[in-house]
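First, the structure itself, so that you have it in front of you.
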Amino acid sequence: MKKLTVLLSTLALVLSMAVTGFAADTIKLGVAGPHSGDLAPYGIPAMKAAQLVVKKINAQGGVLGKQVELLIQDDQCKPEIATNTATKLVTDGADVVLGHICSGATKAALGIYKDAKIPVMSPSATNPPLTQSGDYPNFFRTIASDDMQAKMAVDFAINKLGVKKVAVLHDKGDYGKGFADFAKKYLDESGKVEVVLFEGITPGAMDYSSIVQKVRKENAEALIFGGYHPEASKLVSQMKRKRLKTVFISDDGVKDDSFLKVAGDAANGAYVTGPRDLSSIPLNAAATAEFKAEYGAEPGAFFQEGYSAALALLNAIEKAGSTDYDAVTKALRSEYVETPVGNIKFDSKGDAEGVGFSVYKVENGAFTELK
Amino acid sequence: MEYFLELFLGGTTRGSIYALIALGYTMVYGIIQLINFAHGEIYMIGAFVALIVAGVCTIYGLSGVSILILAGVIAVIYASAYGYTLEKIAYRPLRGAPRLSPLISAIGMSIFLQNYVLLAQTSDFLPFPRLIPEFAFMEPVAHIIGSPELVILVTTFITMILLTLLIKKTKVGKAMRATQQDMSMARLVGVNVDRIISLTFVIGSALAAIGGVLVASYIGQVNFYIGFLAGVKAFTAAVLGGIGSIPGAVLGGLVLGWAESFAAGYISSDYEDVFTFGLLVLILILRPSGILGKARKQKV
Amino acid sequence: MLQDFKKSILVSIWFVFLTFPLMVVRVNTMDQVVIWRWMNLVWVAIGSFILSYLWRYMLSRKQARTKVAEEGGDTRTKLQLLLEDMNFRYKAMGVILVLILIFPLVFDTYQSTIMISALIYVVLGLGLNISVGLAGLLDLGYVAFFGVGAYTYALLNHHFDLGFWITLPIGGVLGCLLGVVLGFPILRLRGDYLAIVTLGFGMIFKVVMENWDALSFGPSGIANIDRPSFFGMDLSLANSTIYIYYIMIAMVIFTILITNRLKNSRIGRAWIALREDEIACVAMGIDMAKTKLSAYALGAFWAGMVGVLFASKTTFINPASFTFMESAIILSIVVLGGMGSILGVILGAFILILLPEYMRAFSEYRMLAFGAAMVLMMIFRPQGIISNLRQTYEYKGTKEKTDNG
Amino acid sequence: MAEKKHKLLEVKGLTMDFGGLRAVDSVSLEVHEGEIAALIGPNGAGKTTFFNCVTGIYNPTKGDILLHPKGLETRRLNGLKPNKVTEMGLARTFQNIRLFSDMTVLENVMIGRHCRTKSGIFRSIVRGKAVLEEEQFIVESSYQLLEKVGLEDFANEFSKNLPYGAQRRLEIARAMATDPFLLLLDEPAAGMNPQETSDLDQLICKISTEEQIAILLIEHDMKLVMNISNPIYVMEYGKKIAEGSPQEIKDNPKVIEAYLGEEVDA
């Protein structure tokens, strides 16, 4: 029995040494996000972006003369798994991390990176408190936060559409409700508009006919919806069925080709906010071309943001001259970097300066940016 | 008043779909006292098969109503086949086992079927072609009740009449009722009980598939997860009406549809599911046998 | 032989028919493309052919086993006999204890984190085992109690800065109280109604947490929850993980000890009797309401406690962590491990939580496998991986009369 | 009937309706100390329903069920939960055997001891001396009961693996474990062969005399009933049609008609 114990513990020791590894001299870029499960479409493009960036930079001689090594971890967008993946990245010695994708998972993981003094940059976590609370000095993002989006949607509704009565709906989710809460706040603050309805709808419910009738009863001129495209397409289809003329305004979660496909005709005339159209930026087009050359398909959601984040992180290490936490965060805040989302640096809270949203209108089954 | 009518009709539409699915639960429960947890998944599979058939047909150039009928028929056939297989694999070997066993097996089957469709197809919502035509004569009242709702109501009504006739008038129906009342007695008088149980699953699944096709073409989207919530709601409807009772399932479905519709319309949809389950708990406490259910005398 | 072959061919053809639309056709209605994946059909055909043989073989084995049991024979497996050998059990426990204790010192933080997750599920499984495994009350909303514990700590920590150790029992007690409160209205419900109502409660918990902003901060959740402090000191991530690991080990041992004692007590026997036959149970003078409530509430207690630990480990919680799927996973742990069997549940938790973690490549198939396993277990091995170990009693057996007045 | 003995159970005008169906129609009955009373009647006469009313499984529509424990005050059983009735000292067996099939024979009997012992949750967790002693007492006394019904050799078998006749005896042992002064046996001889029946015959007499437990039994086996019981009550279509000593019953024309009209094996 004793022998067995000794044998097993020796074995365990050897194994663990193998895991923690013979640290080669590389810069380690951690990538975390959903790479499996139903939210994988939001995580895989950023992962591929990081792979493309690292491949390119390594071919050019790496960062600070060292090769960049990728550590990729799946968090399935679940907070409890995200803490595990964060721990994994920390123990594997990641110098900087690109991720996570979902706001909830990011929040759960950030504390771990903070303790380990690792800068983290998300291409997609738009939850405002991530930067605004000041709790996470190690957090940066290459996408604008939800409140900016809500502000833009509200301003558009008031100034461009001139509506007086607005219904605000959300899907009870983290993202959707956050957006709706901000929209309501800005609508109330404007003093020009009455919020006639503020409610959550149940994702997966059979239909939304009652709520659509309620919108009609309240005579809302516009409906601002916070949530994702499946519910949005159900709502617009039923509004069309019920011959409602209410204008539909929604968020980035709806600005997805699936919305156009599933809602069909009913989508026409809807407005959604989303990251500014950046295809005119040369680097943006180049990144897209790179992706197409490598994978033979269109890049998906958050590809450009992920590409930008990877560039920004590695650029900061290069400029800082080391992977030291203070030096890297300082470089992120002071040095401009050319990326597919523009020439950016980060403010003291971690939001990128120079990225923003636009309003898009659905016309003839396509999103058109309104300037 | 118009608002009330709108909510009422919306609730009726939703409720009649619940009723279609609830019938499957109630018939199966009536015969083998099992909550067929995977029944919602059969509904989903029905919708999915219809989507695939309709998709293929559209691409190969068929049109309109003929697709709807073809897709519907194939969906019904497949859902029935799945229902039949489900019973054979997951429930038949467990006849006579402790009560919890088939229930857990059913939950397992539900999870399995969901993930089978997820892996074989996709996790995305797929657009379901709008196959139900817009009738011109409905246009004046379209804001209250549209053509799809009308089609749903009419189809459900016809289906239920057919089901009633089947159960009341045919020999098979008689055998089903006999089996429901006393399985061993029915066996003694020469009813092939195994076959009747299979048939119950087949009929229940067919009804669920009809519901699936109707909902999918009404809402316009399908994914692997639509069966879960619909199944839970429909089961709730079956319990409300009195599980084991066929008119009870229909009434329960309608009551649940109205309750949800009015709750969302007059109170708030924030707590929609809370209302549903609150109603269920209330009914089970006040009248455990449901609205139309007869109290089963427990044999001691 | 030929008969079997014919049967399997038929089964194979049937499944090819059945899976044809879903496995073969993939249509994209927007781009007007149909993808035909014919190869899948071949796999289905071969797979179902082989499986049908396996199915028959397993069925015949099961029948043989029940026959032996009916004739009063011993159906215990070698493993089970080994486990019932007290001597072996003590030795094995010793070795396992040593391995467990040195684990975080040998492996890195990540491995310990994974192990903590598995241990959390061990406690959850043991808790649910009380109501499902012992008392036969199928609870599909168990995750709500887990959520109550997690939210208790998150909120008390957020508003009042209460520490982990104070909140730990509070979480357990609140879980327990909720168990009693929910338990009351559903006492009179029979097995399957109970299942659907508890499922409803689980969903209600999530909806309430999503909507009641003032209490729960809604879907955006609560962040920056403190990790357990070590005598007032805040630890680094690595040390804190090791610390939580040992807390978790202590909690698991505590849970095993208590559930084991309960199981082999007067109360535990009453639970099992309730599961076996409600009517006979009350006719033996057992108060059904009290017995059911105690099982339900005690099961909830563990979920509440371990919920506190969960919140302190992840430092962030939101309602999305408490879905029906979570309840289903805990239930499959209990079912697969063996209902009523403590050792089985522990093993079940390790298999179901660690396997997918180390086989990330197959994680997509995780839920598929869970579902299939639940069905197959019920059919072929309803007692689980390790069935309930029988307690032995010692008695003198005098023939003399006693005064049992 | 010689001297008047202490009256233990008194049922007056018991009526039970299920919807429109009257299953038991104002039946009155008494069981005295030391008696082995029997309730007989054709199938569907309402005997088991009568039992279920008395033991609290159904709440009767009308009538009184009074229990007069010796030296204690009279209790009305109507509407009491079954476990309360059992606590009061009235135990029963079931027509279609209801054993805890996945428990051992010994454990089945130990369940019967539940209402006479009191270790609660916390004390079971702490497992102090008192609890251990109580546990041991439960085991010992249960084993002794098994000895009494002759099942001690099967103590560690699963109850589902017992032969039919032994299962019936186990039900009796389990019921006796609740320390009753009145035992209600629902067709204890059903499905037994003649040998088993005659063993049962002796067992019932032994319980009655040695344990001082009064017995009320429902039975189809007329031979058994006539051998051991007195008085006998006869029910038909929910009504009591006769009562008296075995001889009186044998000669009662109503009884003969009821039985001849129904089936011959009675």
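Note that the chains take the letters A, B, C and D in the order they are written out, and that residue 1 is the start of every chain.
Just so it is clear, a contact is a pair of C-beta atoms (placed from the backbone, for glycine too) under 8 Å apart; a residue touches a chain by one contact, two chains touch by 3 or more.
Predicted model, so just to flag it, every value in this text is computed and none were measured.
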item	value
Steps needed, at minimum, to go from subunit A to subunit B via contacts	1
Which of B-C and C-D has more C-beta contact pairs	B-C
Chain occupying the middle, per Cα centroid	C
Chain whose average C-alpha position is farthest from subunit B's own	D
Averaged-CA centre spacing for the pair subunit D and subunit C, given as whole angstrom	40
Centre-of-Cα separation between subunit D and subunit B, whole angstrom	47
Whole-Å gap between the CA centroids of subunit A and subunit D	71
Distance between the centres, which are taken as Cα means, of subunit C and subunit B, whole angstrom	30
Sites on subunit C at which at least two other chains make contact	29-30, 207, 211, 279, 364
Subunit D, residues touching no fewer than two other chains	57, 94
Sites on subunit B at which at least two other chains make contact	126-127, 228, 270, 272-273, 300
Complex contact set, residues of subunit B against subunit A	3, 6-7, 10-11, 13-14, 17-18, 118, 123-127, 130, 142-143, 146, 148, 215, 218-221, 223, 225-226, 228-230, 233, 260-262, 264-265, 268-270, 272-273
In the complex with subunit C, residue positions of subunit D that touch it	55, 57, 81-83, 86-87, 91-92, 94, 98-104, 106-107, 110-112, 114-117, 119-121, 124-125, 127, 131, 134-135, 138-141, 143-144, 147, 152, 155-157, 161, 174-175, 177-179, 210
Of all residues in subunit A, those that touch subunit C in their complex	1, 4-5, 8-9, 12-13, 15-16, 19-20, 36-37, 74, 76, 78-80, 83-84, 87-88, 90-92, 103-104, 107-108, 110-112, 115-116, 127, 129, 135, 172-174, 176-178, 200, 202, 261
Contacting residues of subunit C [partner subunit D, same complex]	69-70, 72, 258, 261-262, 265-270, 272-273, 276-277, 279-288, 294, 298, 390, 392-399, 401-402, 404-405
Residues of subunit A touching subunit B in the complex	37-38, 41, 172, 199-202, 204-207, 209-211, 213-214, 216-217, 229-230, 233-234, 237, 241-244, 258, 261-264
